[in-house]
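Every chain is named by a letter (A, B, C and D) in the order it is written, and numbering of its residues begins at 1.
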């Protein structure tokens, strides 16, 4: 029987602003990537998100992003590798404090948005980030794109890398993603997304699947995927 | 022979902006309070400040402030005790990550500016902050104002409290500070400041003295105090 | 036949974060108070809000707040009168640029949240703010609390003051608001709110009523108030 | 007798942080580019900078930058043309409010840092920015790089363009700048900078020269250039 981790971004509100459907997602995922205050999240939101994970037994990861709250961390910025490492160290440390103060342990780091994509392509950036993670805690896992520079850097520094698949993105035969702006790149129907999730889960190529929860419909997909997995012998379980 | 800790705020620049004279102060103090990115400081400045402390053997503390960079954390804000605890936990965790990644250990927390003063007067705020510190790491010390609510909270939660004196502030006979806006509240001549530092150091009432380093003149005072201490049998040494 | 202005806050999203139900409110109100980027709002949101007002013929006001996005401008901060004037001038100027670039004219200023309440109580703060508004454009109106220091300052500087009533707040016989935390201070049922709005509108004491739109239910109340006004001979019309 | 405008960036402090030597520069330049709160500057700093310009009879320009205070607006960000236009409109409007409230008139706009360079290369970005400036006030001048996309956009929208030369940068024979990272790209000796300023001033190709004032040495150069100009028959005068 196959087993796979399901991860989703959480704690992406800010102050009075809500975001996503964390309460729903917590019932279905096994890992959460919690925003750390740069692209989204704030001290109160982070505490609430960590508490939610602990309540539902969901593994906790830091989800550091670029210092661009206005752009939700989705715009690339010309930062140096040193800056990238510092941004990740700062944010991961801040979240780690919450996890530690609440009696648990940080499991992983997953980069957010533009930083995720920059670290997938840029060797030096990826190595500076992974080096920072490694110096903070060599037991931390790194979630990321299979075959990326982030994976290469994790291998180099001895950080365990968890390759993730995307339930709502179409793949090319070579395993790479169909570029986002191409026709059919983003799956929209529930049936397509559930089928894709299943295909990825049984492929053996991914240790975790990324689910989106920023809309109500996206949270619905999470529920449907988990239902389908349960009926088809796939166990959702944490990476560790 | 008496011994006393000397502490100073450091790492209070931001991005392209410099602040203070950290390089000079590092030669004289035994403890540094490093800004954590809310009122001042940023990921790069923090790393540089931690590296400076490690180079000079200066004990490292977190110096969390209010989320008010424009006001340098000097303006009081109506925050709840819960928010205060969260702000301190976030910032202390972020700095702790740097210290840990560079192979050392965070020694203490000292609140900054308005937050320092608010926690000296407000029981609930002080307790929420000390509770957060205690949950993060019960070995952390809290530097603060003697007789303050922060001290009472530290006693209550079992956090070791380090009472600090101010070399450049006049004291009333009962040991409290002359209010800042009263005539003569702030000492300005080197001779007065050095004499005051000596009086406080030998009084036995303080475990640490706070030196200011935000101007070149202030860094000069640090040098003169340390010179005078050396000639008069007072050893500058870390709290621990 | 009575006539009254209805105003509501708008453009209070930020980046990827939505807020309120501007599209619904625009159908019912005659004036909008648009956030200017300190407590909420950003360059894109402001442009969208101004465009919405122009489409529906709604008069446009600036809604400046404290520089505290995390607290949505709801927390009091210890700022000087000079800072208060500068904050209002900056934000009002930024919004005015949008209004001007889109071929229209800024009608009024209404302070937001904690700044609104601070300027209602503090003479010096109120005068610094009104002075800044007057120097920018003496034709601007100031919306605010009847009998407040803001009103007194407007009278002193020759700025036209528009006293506003709150449809969802209970009033004491002397015309002051029941303190927010007292029982019954905030009206919750539609029937109560509509009745209160009508009473205020026909009282002749207010030139504008403030409607809330931050929840779907609040937007519903706006619709019900306007329906009731139409059936009972009260015309909703702009201040000018 | 030749005449040329000299411009310099000003008001680039933030809160407690000082920057540059505005007080010295004001004596030598005829135009100032004042930071507007995104990459640097804040409501108080802006007012002080505008007041300084009025005192010395220096023409006032807005100096809008990217929303990246941590990076001082020097890092490129992937923004859309629409965002670029909105950022410029917001900041220019905010500064215009100060100028208007103090009884004067905004003369020009000069983009800052990465935004300056992005608008020199990217047609769509440049056009969106110039369109925003034009809609705000078609009388505003645009200072920028000769032959840039910004100049082309200004020509297209009917905004008067003021080509600027750089006293401390080496030029290639075709009039373009030696790339910054090439050997000899940045002139360092006073003699070289003064000679270069003179050459540019008499070349007839530039209406304004940009002086730097972010270091004490840079302000010294400003003084030396103006001295040399006075002795050699070049008048420093505003663009208008």
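The rule we apply is simple: contacts are C-beta pairs under 8 Å (C-beta built on N, C-alpha and C of every residue); 3 or more make two chains touch, one makes a residue touch a chain.
All values derive from a computational prediction rather than experimental measurement.
Colleague: Where chain A and chain D touch, do the two copies share over half of their residue numbers, giving same, or under half, giving different?
Modeller: same
Colleague: Hey, what angle do you get rotating chain A onto chain B on C-alpha, to the nearest 5 degrees?
Modeller: About 180 degrees, rounded to the nearest 5.
Colleague: Quick one: report the Å distance separating chain C from chain D, using the average Cα coordinate of each chain.
Modeller: That pair's centroid distance is 37 Å.
Colleague: How far is the middle of chain A from the middle of chain D, if each middle is the mean of its Cα atoms, in Å?
Modeller: 42
Colleague: Between chain A and chain C, what is the gap in Å from one C-alpha centre to the other?
Modeller: 41
Colleague: Mark out which residues of chain D touch at least two other chains, giving numbers and ranges.
Modeller: In chain D, residues 70-71 touch at least two other chains, as defined above.
Colleague: Taking the touch rule as given, give the residues of chain C at its contact with chain D in the complex, in rising order.
Modeller: Listed in rising order, the residues are 37, 43-44, 46-47, 82-83, 86-87, 89-98, 100-102, 132, 135-137.
Colleague: So in the complex, which bits of chain C are touching chain B?
Modeller: Going by the criterion above, the answer is residues 67-68, 70-71, 75-79, 114.
Colleague: Give the list of chain C residues in touch with chain A in this complex.
Modeller: 13-17, 19, 40, 42, 69-72, 74
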